[in-house]
Amino acid sequence: MPLVTIRLANRDIPTTSAQKAALIAGTTRLMQEVLDKKPETVTVIIDEIDPDNWGVGGEQVTVVRQRSKGPTQA
Amino acid sequence: MPLVTIRLANRDIPTTSAQKAALIAGTTRLMQEVLDKKPETVTVIIDEIDPDNWGVGGEQVTVVRQRSKGPTQA
Amino acid sequence: MPLVTIRLANRDIPTTSAQKAALIAGTTRLMQEVLDKKPETVTVIIDEIDPDNWGVGGEQVTVVRQRSKGPTQA
Amino acid sequence: MPLVTIRLANRDIPTTSAQKAALIAGTTRLMQEVLDKKPETVTVIIDEIDPDNWGVGGEQVTVVRQRSKGPTQA
Amino acid sequence: MPLVTIRLANRDIPTTSAQKAALIAGTTRLMQEVLDKKPETVTVIIDEIDPDNWGVGGEQVTVVRQRSKGPTQA
Amino acid sequence: MPLVTIRLANRDIPTTSAQKAALIAGTTRLMQEVLDKKPETVTVIIDEIDPDNWGVGGEQVTVVRQRSKGPTQA
């Protein structure tokens, strides 16, 4: 019955369907190994969030990422 | 004050506005009947999720649905 | 596959197990009627919240409720 | 480590990036002032919700807003 | 920056602190392997839910589990 | 209609009711100032999480905090 929600801030290169499949498979396997849950009872939901809507350290992730790229690559 | 969140994996045919209205009305009525809550204090939020982002049994719902359609209807 | 989360501010008289059962049964039936979902695919989770931790109108529900009782009943 | 999620029903005029930045900065400052948290440990996520998917008083916000505009302005 | 929430229905034998540590370590490693995230940016929260408050198939998990034990083992 | 959820890892000294009131009042004021929302439409919920159930950098917060105290203060 475990329910796992994964929230991610979107990047320039979107998360691929293969990566989502790997997150779902890996999380389900973990529930099986650690808690002995049957895979068919595990639900995983991935929420992709606009980096404009995600804040860390009081700033939008969009802003944090731009600064970390530096002036030459911007 | 009850707050109800309904998360749904999208289907090929999108959930209609009338269905959403029925979910909101029905949930609110339930809170009134079971918990004696005033309708105006009930909040309902519907989150529609891409089936690529929803996993059951270790697989994406997209994959599960495709297989259940079978080779002839696919 | 619908996933429904119901968040409630606790009252002096706790929500009974029978009321929780009625919320779960009613929500599941609603998903079946409105969206044609199979009951066995519906998950419902009830979160009971301390009224000290729930705010409406900028105030704790504990405070709002105390005021609405008035000075004579307090 | 505080994690703050802000859910908003979209309006005709979308929430601007500057408003989102103000919500993130303000929430982070509040965690610092009230709980003495370091800003770099605070995460804020803003979820923008379609008003068709948000219900209050048993009705979609879309419907509530239309009625409050009245027949002349509609 | 990934944020993972794991919701579990409590069992008679509570989830141990070692199991929680394994869930947190395993989820964080998965984010690193699949999405190339730095471990220090991954947050994991485990919510333990009373089985009376968790419904599947229209029934409380408490009831489902009792029935699956059968009359002789009960 | 904004709905704000604040999740906090518990500390040795619990969050006081006065701090919770300040979080609720401050968040509500922020919604009013930035988004011009009426205070009575703002809901705030505070979730207090056991530090054993909160992971950062692949470890339980309980473990991280113990290490940061060092051997002499422990």
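Order of writing sets the chain letters: A, B, C, D, E and F. Residues in each chain are counted from 1.
We take it that a contact is a pair of C-beta atoms (placed from the backbone, for glycine too) under 8 Å apart; a residue touches a chain by one contact, two chains touch by 3 or more.
The chain list, named the UniProt way, goes like this: A, B, C, D, E, F = Tautomerase.
Predicted, not measured: the structure shown is a model, and the values here were computed from it.
Identification of common neighbours of subunit C and subunit D yields A, B, E, F. Two copies of one sequence, subunit D and subunit F, touch each other mainly through matching residues, since over half of the numbers at the interface are common to both.
Distance from the centre of subunit F peaks at B, each centre being the average of the chain's Cα atoms.
One finds 22 Å separating the Cα centroids of subunit E and subunit F.
Remark: subunit B and subunit C have CA centroids separated by 18 Å (rounded to whole angstrom). Across the assembly, subunit B contributes residues 1, 3, 7, 23, 27, 43, 45, 54, 56 that each touch 2 or more other chains. All chain pairs that count as touching, in label order, are A-B, A-C, A-D, A-E, B-C, B-D, B-F, C-E, C-F, D-E, D-F, E-F.
Residues 1-9, 15, 19, 22-23, 26-27, 30, 33-35, 54, 56, 61 of subunit B touch subunit C in their complex.
Residues 7, 49, 52-60, 62-63 of subunit E are the ones that touch subunit C when the two sit in their complex.
Listing the residues of subunit E that touch subunit F in their complex gives 17, 20-21, 23-25, 27-29, 39-40, 42-48. Interface residues of subunit D facing subunit E in the complex, by the touch rule stated above, are 1, 3, 43, 45.
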